[in-house]
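Have a look at this one before I ask anything.
First chain written, first letter: the chains are A, B, C and D, and each begins at residue 1.
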Amino acid sequence: MTGAARRRLVAEFLGSSLLTAVVVGSGIAAQSLSPGDVGLQLLENALATAFGLFALIVVFAHVSGAHFNPVVSAADAALGYRPWREVLTYVPAQILGCIAGAILANAMFDAPIVEWSSTERLTGPHLLGEVVATAGLILVIFSLARAGRAHLAAPAVAAYIGAAYLFTSSTSFANPAITIGRMFSDTFAGIAPSSAPGYIGAQVVGGVVGVLLVRYLHPKRLPHELTPVTDAHVNRNAA
Amino acid sequence: MTGAARRRLVAEFLGSSLLTAVVVGSGIAAQSLSPGDVGLQLLENALATAFGLFALIVVFAHVSGAHFNPVVSAADAALGYRPWREVLTYVPAQILGCIAGAILANAMFDAPIVEWSSTERLTGPHLLGEVVATAGLILVIFSLARAGRAHLAAPAVAAYIGAAYLFTSSTSFANPAITIGRMFSDTFAGIAPSSAPGYIGAQVVGGVVGVLLVRYLHPKRLPHELTPVTDAHVNRNAA
Amino acid sequence: MTGAARRRLVAEFLGSSLLTAVVVGSGIAAQSLSPGDVGLQLLENALATAFGLFALIVVFAHVSGAHFNPVVSAADAALGYRPWREVLTYVPAQILGCIAGAILANAMFDAPIVEWSSTERLTGPHLLGEVVATAGLILVIFSLARAGRAHLAAPAVAAYIGAAYLFTSSTSFANPAITIGRMFSDTFAGIAPSSAPGYIGAQVVGGVVGVLLVRYLHPKRLPHELTPVTDAHVNRNAA
Amino acid sequence: MTGAARRRLVAEFLGSSLLTAVVVGSGIAAQSLSPGDVGLQLLENALATAFGLFALIVVFAHVSGAHFNPVVSAADAALGYRPWREVLTYVPAQILGCIAGAILANAMFDAPIVEWSSTERLTGPHLLGEVVATAGLILVIFSLARAGRAHLAAPAVAAYIGAAYLFTSSTSFANPAITIGRMFSDTFAGIAPSSAPGYIGAQVVGGVVGVLLVRYLHPKRLPHELTPVTDAHVNRNAA
C-alpha cells in the first residue's frame, strides 16, 4: 500500500471517528442538559451534526473524499468514481473509526467507555425512514457529482442530514458504519445491537434506490462532470 | 415527449415529494417531541424546511429548475424563461408529488396514510400573510435570475422560507401544490380542505405582485442575465 | 430624478419594509407561541432576522445597495462610495419603509394596525450595547468593501446581526430607521418612543466609531477594492 | 514596528475582544433569559458564537489572519506560514483583547465589570474534551490552508466551533487567550482561575496533536497551497 493510500484510510478512520464523536457526544449533552423536551434534544443533536459534518467534509474531501459511510463508498464505485478494491479497504476503516468515535464521546462525557445500547428502534416505519434517508443522501451527493458541482457537496450534505434528523422517524442514521458505532453507547444516539441489522439492510436498499435515481436523472456526464466526487485522485497523482 | 422532458417531470415530482415529506414529517416530529411549546415546534419545522429546501434546490436545479411550485413555474414562463406549455406539464407533476410526499411522511411516522387535515386556517390576516410570503418568494428567485445571480437562489430561497415560516401569520405555505399536499395529513403542517382554496387564491395574487415588482426593479436584463434560472436548458440541449 | 434613481428608492423602501416585517412579525410569533421562555423567543427572532436579512441583501444589493439603514448610507458616503445627496433621498425611504413594515406585521398578525410601543429600553448598558452593535455592523460591511470582498457582505451581515441579537443587552437594533419603525408596534420587538432618541444617538456614535476603525484598519484600497459596496453603480450606468 | 504590523496587532486585539464579547455576552443573555433549560442556553451560546465567529473571521482575515488564539498563531508559525517573532507580538494582543471583551460584555449587561469566575471545570473528561476540541480546530484551519482552500476557513471554523460547543463535555474553549478572558466574568461562560491552567495545558497538547495530524495528512503542498492562511502578507507587501 502506498503512502497516499494509507493516508486516505487514516483520513476515513479519523473523519468517521470525529463524526461519530459529534453525533454521540452532542446526543449525550442534549439529553442531560435539555431533559424536559425531546424535540429540543433532537434539534441540538441535528444542528451539531450538520455543523460538524460540513467542517469534516471540507477538511477531508481533498484527502479521502470524506465518505465516512460504506454506502457512499459503494455508490462511488458503482458510479465509476473509484475502484471497488479501494472500497474494500475504506469500509473497515469507517467501521473502526465510528466505534472509536463512540468510545471517545463516552470518555469525554464520563460515561461507561463501552456499553451496549438498549435503545430498540426496529419498526416498519423506522425502516422506511432509513430507506428514504439513505436514498436521499446518495441522490444529493451524486447528483452534484454528475452535474459537475461536487464543490457544493459539503453544505448540501450537511443541510440534508440536518433536515433528515427531523423529517424521518428513524432520525436518519443513513450509514451502516455509524449504525455499528452507535451500538457502543447506551445514550441518546445509541441503537440496540438487535435493531442494527435491520437498519443496515434498509440503508443498503436506500443506497440502491439512490444510485438508480442518480443514473436516471443524470444519464450523461457533462464535460465538467469528470471532476471526481473527491480530490483523492489529485493527491494520488501528486504523491 | 423526449427523454429529457420526462426526466424534468420526474425531477419535479420527486423534488416536490421530498419537499413535502420534509415539511410534513418534521412537523409531525416537532409536534410529538416538543409538545410544550408551539414556537419551538415551528422553529424545528422551519429549520428542517430551510435545510431540506437548500439541498433539494441544489440537487434538482440542473435537471428541472427545482421549482416544486406552480406559482414559480408560472412566473418563470411570465418572465420568459420557459415556454408556457411546459408549465402545463410541470403543475400536475408538482401536485402529485406533494400529495405523494404527504403520504410518505404519514407512512414514515405511522400516522394514517391518508387523512384529511382538520386544521382551519382561513382568516384575513392569514391570507395577507400568504400574499406577502408568495410575493417575497417570487421577488427573491427572479431578482436573482434577472441580475444574473441565479447561483444564489438555493441559499436565498432556503433562508427566505426559513424566515417566512416565522414572520408570517400563515407560516408561509407560498405554494399551491404543497397546500394541496398538506390537506392529506391531519398533523402539525396540515390544512383543512375548506381553507385551501383561499390560500391558493392568495398565493396567485402574491405571485402576480411578485412578478410586477421584479419587472419594475429589473427593467433591463444585463448581459449575464441571459443565464436561465435553471440549467434545464443545458440538459435539454445536451440530451 | 431618473428612472434608475427612483428604482433605488423603491428598493430601499421595499427592502426596509420587508426587513421590519421580518423583525416585528417574527417577534410577535415568538412571543405568542413560546410564552414560557424569553431566550427561546429571542432565538426565534434572531434566526428569522438573520435568514431574512441574508435573502433581502442578496435580492436588493444589485439595485440600491441593500442598506435599509441610515447609518450604513451615511458611512457609505463618508467612505466615498456614494454621493451625500443620494443619502438624503435614501434616509426618508428607509424610515417610511420601516414604518410600513411594522404596520404590515401588525396587520398580518391581527394586532392593532398602529399602536405606540410601551417597551422602555433606555439604560446605560443598553446604550453601550447599541454603540457596540452599530460599530460592529459598520466594521463588517466596510472592511469587506475596502478589502474587495463585498460579495461576502450578505452572509457576514446576516451572521453578525444574528449573533448581535444575542450578545448585546439591547438586542442590537443598530439602525435608526428600524428603531423608528419599531415604535409603531406594541409587541416583542417594539421600543417606546421615549427610548428611541437615545438609541438613535448611540447608533450614530457607533457609526462614527465604525468608520474610524475601518479607515485605520484599511488605510489603502487594494485595486479590486474599487468594486463598490453595492452594484447600484452598475445599474446606474446601464440605465 | 511598521504601521502595517501595528494594524495587525490592533486587529488581533479588536477581533479577540469582539469574539469574547460574543461568547460572554450571549452566555449572560442565555442564562438570564432561558433559566429553565441549560441545553437551550448552550444552544443559544453556540449559535451566537458560530455566527459571530464567521463574521469576525471574514472581517479580520485580510488584516491579521483572524487568529484570536495563541494556539492558532503558534501552529501558523510551526507550519511555516508566519515568523515566530510575530507570534510573540500576537499572543499578548490576543490575551489583552479577550480580557477587554469579557469586561465589555459585563458592562453591556450591567454585571460587575470585573469579577473572578467561580465556575470550576477541572475534570479528566473535560481536559480530554479540550484536547479533542483544539486538535480538531487546528486540523480544520490548516488542512484547508495546505490544500489551498483557505477561503473556506471562515464557514468551516464557525461550523466546527458551533458543533464543538455541543459535542465536547468542556463546551470547547479551545483557546488559551479566551480561557484567560473568561476568568474575568462570573457568568455562564466563565471559568474559575484555578481551572484555567489545566485547560490551557490541554489546549497546547491538542495544538501539537493537530499540527502532527495536518503534517501527516497533507505531506506535500500543492502549488496553490502557497496561498497563506491569511492575507496579512498581502497587506504587508502593499504597505
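What we mean here is this: a contact is a pair of C-beta atoms (placed from the backbone, for glycine too) under 8 Å apart; a residue touches a chain by one contact, two chains touch by 3 or more.
This is a predicted model, so every value here is computed, not measured.
Asker: Between chain D and chain C, is it the same set of residue numbers doing the touching on each side, over half shared, or a different set?
Answerer: different
Asker: Could you give the separation in Å between the centres of chain A and chain D, each centre being the mean of its C-alpha atoms?
Answerer: Spacing between the chain centres: roughly 28 Å.
Asker: Find the geometric centre of each of chain B and chain D from their Cα atoms only, then give the gap between the two centres in Å, rounded to an integer.
Answerer: 40
Asker: Mark out which residues of chain B touch at least two other chains, giving numbers and ranges.
Answerer: 36-37, 40, 43, 47
Asker: If each chain is a dot and touching chains are joined, what shape do you get: line, ring, star, complete or other?
Answerer: Here the contact pattern is a ring, one closed loop where every chain has two partners.
Asker: Of all possible chain pairs, which ones touch?
Answerer: A-B, A-D, B-C, C-D
Asker: Considering only the defined contacts, which chain A positions touch chain D in the complex?
Answerer: So the residues of chain A in touch with chain D come to 3, 7, 10-11, 14, 18, 21-23, 25-26, 29-30, 32-34, 36-37, 40-41, 43-44, 47-49, 51-52, 54-55, 58-60, 62-63, 104-105, 107-110, 158, 231, 234, 238-239.
Asker: Quick one: in the complex, what on chain C touches chain D?
Answerer: Of all residues in chain C, those touching chain D are 36-40, 42-43, 46-47, 50, 123-125, 128-129, 132, 136, 139-140, 143-144, 147, 149, 152, 155-157, 159-160, 162-164, 166-170, 213, 216-220, 222.
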